[in-house]
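Shared between the two complexes below is chain A, which pairs with chain B and chain C, respectively.
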Partner chain A sequence: MTVTAHPRPSAVAQAVAIAGRSVRGVLRQPPQWVPSLVFPLFFNAVSAAAFDRTRALPGFPEVNSFLTFLLPATILQGVLLGATAAGNDAAVDIENGFFDRLVLSPMSRVSLLGGRLVGSMALGVVQVVFFLSVLSVFGARLENPLAGVLVLVVVGALLAGAVGAFSVSIALRTGSVEAVNGFFPIFFAALFMSSAFFPPSLSGGWFETVASINPITWIVDGLRDVIIEGWVPGAAARAIAVSAALGVLAIFMATRSLAARIRT
Partner chain B sequence: MTEPILAEGLVRKFGDLVAVDGIDLCVAQGEIFGFLGPNGAGKSTTVRMLTTLLSPSAGTARVAGFDVVSQAAQVRRVIGVALQDAAIDPIMTGRELLKLQAVLHGIPRRISRERGDELLARVGLAAAADRRVGTYSGGMRRRLDLALALIHEPRVLFLDEPTTGLDPTSRMALWEEVRRLNGEFGTTVLLTTQYLEEADQLAGRIAIIDGGRIVRKGEPEALKDAVGSPTLRIDVDPEYLARATEVLEHFGEMRPARSGRLAIGLDGGASRLAEVVRALDAAGVVLNHMELDAPSLDDVFAEATGRRLEGAEETQAPVEVSG
Partner chain C sequence: MTAAVEGLGATHEPKVLASAGVVAWRGVLRTTRFPAIIVQSIFFPAFFLLVYTGLYRAVTELPNFPTDRAANWYLPFMMMQGAAFSGVGAGFATAVDIDNGFFDRLLLVPGRRISILLGTLGFALVRAVTVAFLVMILGLGLGARFTDAPLGLPLLFLGVASMSLIASCYSLGLIYRVKDQRVAPMFQVGIFVALFVSTAQVPLDLATGWLHDAARFNPVTNILRLGRQAFLTGGVTWTDTWGGLVAVVATTAVAGMWAYTGLRKYID
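Let's look at the complex of A and B:
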């Protein structure tokens, strides 16, 4: 062994290595990804069986099956469940000291954060493809399959990145797995208080008000328009733009949290 | 040539607590420098500042010529660090972790593969390289941690209590590897430890730290020589403590000892041992145990702080035992 000078590390190679580690870490821990695939499908099946006849209500979107109506909700549930793994992993790294080892290497801070989020987004894409494949077998339909798949995949990836960044931000602030898991119900409450499971206009009252200002409703409605009506540029743009905006906000928070943790 | 580690007036506060209180340090090229002190003395905090993990509250430090605050990125490229708790992801295999570490340091794939294999063999983990780290024993994790710290051939290596919790065999193996690194490649090593024997065996120079301050600094032998006379320790039942103290005071200066024991710096050394035994016997003191140790780093620590290093007496092998 002789002491040599190495070239400046590539930020892209570092980010890819961290993303690979994130994906590998999730895949090697089935409890982290199995529920994110199984529970949304289970919930979807139960809801479709229980509420299928509500499609006949005046004002309910015209869909061939309740499964189609619930497609955005299924994808969002899966992404919420799956992407919090990024925060969990970050908190575990902090707790067991591996985060210090990463910080002690000459890796760029962008790679440190970006690698994890790319890993989350990759898993988000896999989830979307999985749900679309399974639900289409049971009758869910996309009016324009190409546009539908494309928009769902993009939104799935963006939301996985956003939720991943938010959970990583909590992990970096607190260094605690419990704290990351403690925030999870908030994501789910936000999903339930949206148009994901039932049209708010048919519920009325405070629920309709809350759902109308919930960004998740804006994403779900955009996705649903693309699923039911086919290529609707305005709807696709709305779903993508809101997801991207949430992502930017979450990444901003995660960047601040990372800076605060490193500058100790 | 620039000193690999140079710190001046280094201070770190956590709220009102001053963990490191004005440390000056100069470690020369190719040196193994031992940082010896009890738990909570400020050893790890100092290492965390020198390795850019913590910002100093005051003072300056340069590692390999780079300022640890304003040139932290450059510092990270030339240091290797094995922290107190082996910081290893249990989900990955040893080989995967080495590969990851190599990418983070920008080492080309071909070189990293060769070097990774070489390091795994050297730390005795070649056979376990493709097993997940979660299945490794404590000693294996420490050795992998050391390999991770070495993958980029660092100019300065920081080892923070590298053998704490290890069995004697693993401890010896790690000492051997540190000696080899230093001997063959001239790697400068800063090693923190709470084990007297470790500092004595490995370090060319040591600093003894207590309460965030360096209380003694120098070569172990010189520090021990400065203590002077060997330490005579006796163990008696509580009813004899006062009488024994009275006798021993005639033979040298009382030194700090573990509870229930007495210790003196025996003027005249071993030649006066028989005289001490006779005097104690004449005073009616019944001895349970007696030992005479050449001055140790524990005596240096005791002389500097008025206390014994926690657990130190158990780690010392007496040179002469009777009673």
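Let's look at the complex of A and C:
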């Protein structure tokens, strides 16, 4: 009798398998992804109709509609809402014991984390394309469509990865779906305390100060420059660099959390 | 034997209001045992009030904006939003009761079933008024100033109470019919849409496109107009009051019927 040893799949193949499982898990549960598509669109539609006249205020950026002005906010809102699904998924796996079985398998630790993040990023890209398609039908305009779409997709993917990594980190630390959802208001607050919905320079006061030190503002302003003015390398680089930096920080946190969970 | 049973009070059906009071008191006790519930109810309106007064300060510079303080415009809306989500909380609590079987045991208790509905509404009302009061204190701290407190304040709290009742009845009517906790997100979605497709963010004259048309026919617009008079230039006027009173009565009655018929369906 001979025992055939199956070759161990590469780390990339393992990560792809986990990413596929993560994406399928989200797709099978519409309550996890439908709000991340519908809610930002609804909020965009309401705010665009409510605040369109504010474009006449002195100092408001030259833009064809408030809908276009809100484009970065809509994308970021969707990505923030959607990417927390990665953390929820991880927490569910921990709660039902599947995560422990994954850890006991000969799977690479990098794939364990990387797979989920790739899944998050893939969903982020789908969201960006969806929002751009829908909003362009209603009048949103990119000055340089090619550059605009490219930068928005890259930033959407990076941010989805960052938020996904952060929520997975919380899941690994706490092992609780409730705790992951409990952290959601932090992302929400960060988005509202930024330039996403209105120019802070017009608001003035404490809000302008808070928004100016909020990294979300740096991303939004970069995206907005690319949307309104076309290919602005400095703005694009700023949006991408800040998103990537947040991603690196979140992945570092998630790696530490994974190590801590495996130790226990 | 009959005397003995009578002695136990078996032939006396408890009064509706007394039973409703017990149900409401249970809700209050549940809130005191889980303070996170009330903190959650306050967090969102308080946070949004803070953000909106900072973020949209410049909006008041638009021509014909009825106040020069963003806090004056947004405070009544945030109070009503807090009240509405407190009402939704009553739906959540009932969904949990239905899920764990407690609601069915409640139906077996002698007495009229409407007391369960009235008690739940009573509890939601207490919670809504508490939340609205706390948000109002925050709003005054953020710069909101009354322009007509003696007449406006009662109308504002009438609006708060009606928003709480409407939201409670809407979510209760839904959960009584569907009998499944998974419908709970629909409570928030329905209320969120009703609140925001109104003059929540800007006055009707400044809203454009579809929002302007939809907000005109949304009763929430009239209830907001009623409540906002306490803080707007010109104070309370009959023109801005009567529409709000009609909206309060009509919408509360319709929502009440939705909840009551839902309860009847559940029992049947």
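Please note the rule applied: the second predicted complex is superposed on the first by the 262 of 264 C-alpha atoms of A that agree within 3 Å, B and C clash if a C-alpha of one lies under 4 Å from a C-alpha of the other, contacts with A are read in each partner's own complex, and residues count from 1 in each chain.
Simple rule for what comes next: a contact is a pair of C-beta atoms (placed from the backbone, for glycine too) under 8 Å apart; a residue touches a chain by one contact, two chains touch by 3 or more.
Fair warning: this is a prediction, and the values are worked out from it, not measured in the lab.
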item: Which superposed partner A:E95 touches (first chain B, second chain C, both, neither); value: neither
item: Contacts of A:M107 with chain B and chain C, given as first, second, both or neither; value: first
item: Contacts of A:R53 with chain B and chain C, given as first, second, both or neither; value: second
item: First, second, both or neither for A:R21, with chain B first and chain C second; value: first
item: Touched partner set for A:P9, first chain B, second chain C, both or neither; value: first
item: Partner chain in contact with A:P185 - chain B first, chain C second, else both or neither; value: second
item: First, second, both or neither for A:W206, with chain B first and chain C second; value: second
item: Complex contacts: residues of chain C adjacent to chain A; value: 43, 47-48, 51, 54-59, 61-62, 182, 185, 193, 196-197, 200-202, 206-212
item: Partner chain A, residues of chain B touching it in the complex; value: 51-55, 73, 76-77, 79, 81, 83, 85-92, 96, 99-101, 103-108, 115, 118, 132, 148, 150, 152-153, 155, 184-185
item: Residues of chain A defined as touching chain C within the complex; value: 31, 35, 42-43, 45-47, 49-54, 56-57, 185, 189, 192-193, 197-198, 200, 202-207, 210
item: Residues of chain A that touch chain B when the two form their complex; value: 1-4, 6-10, 13-14, 17, 21, 24-25, 28-29, 93, 96-107, 263-264
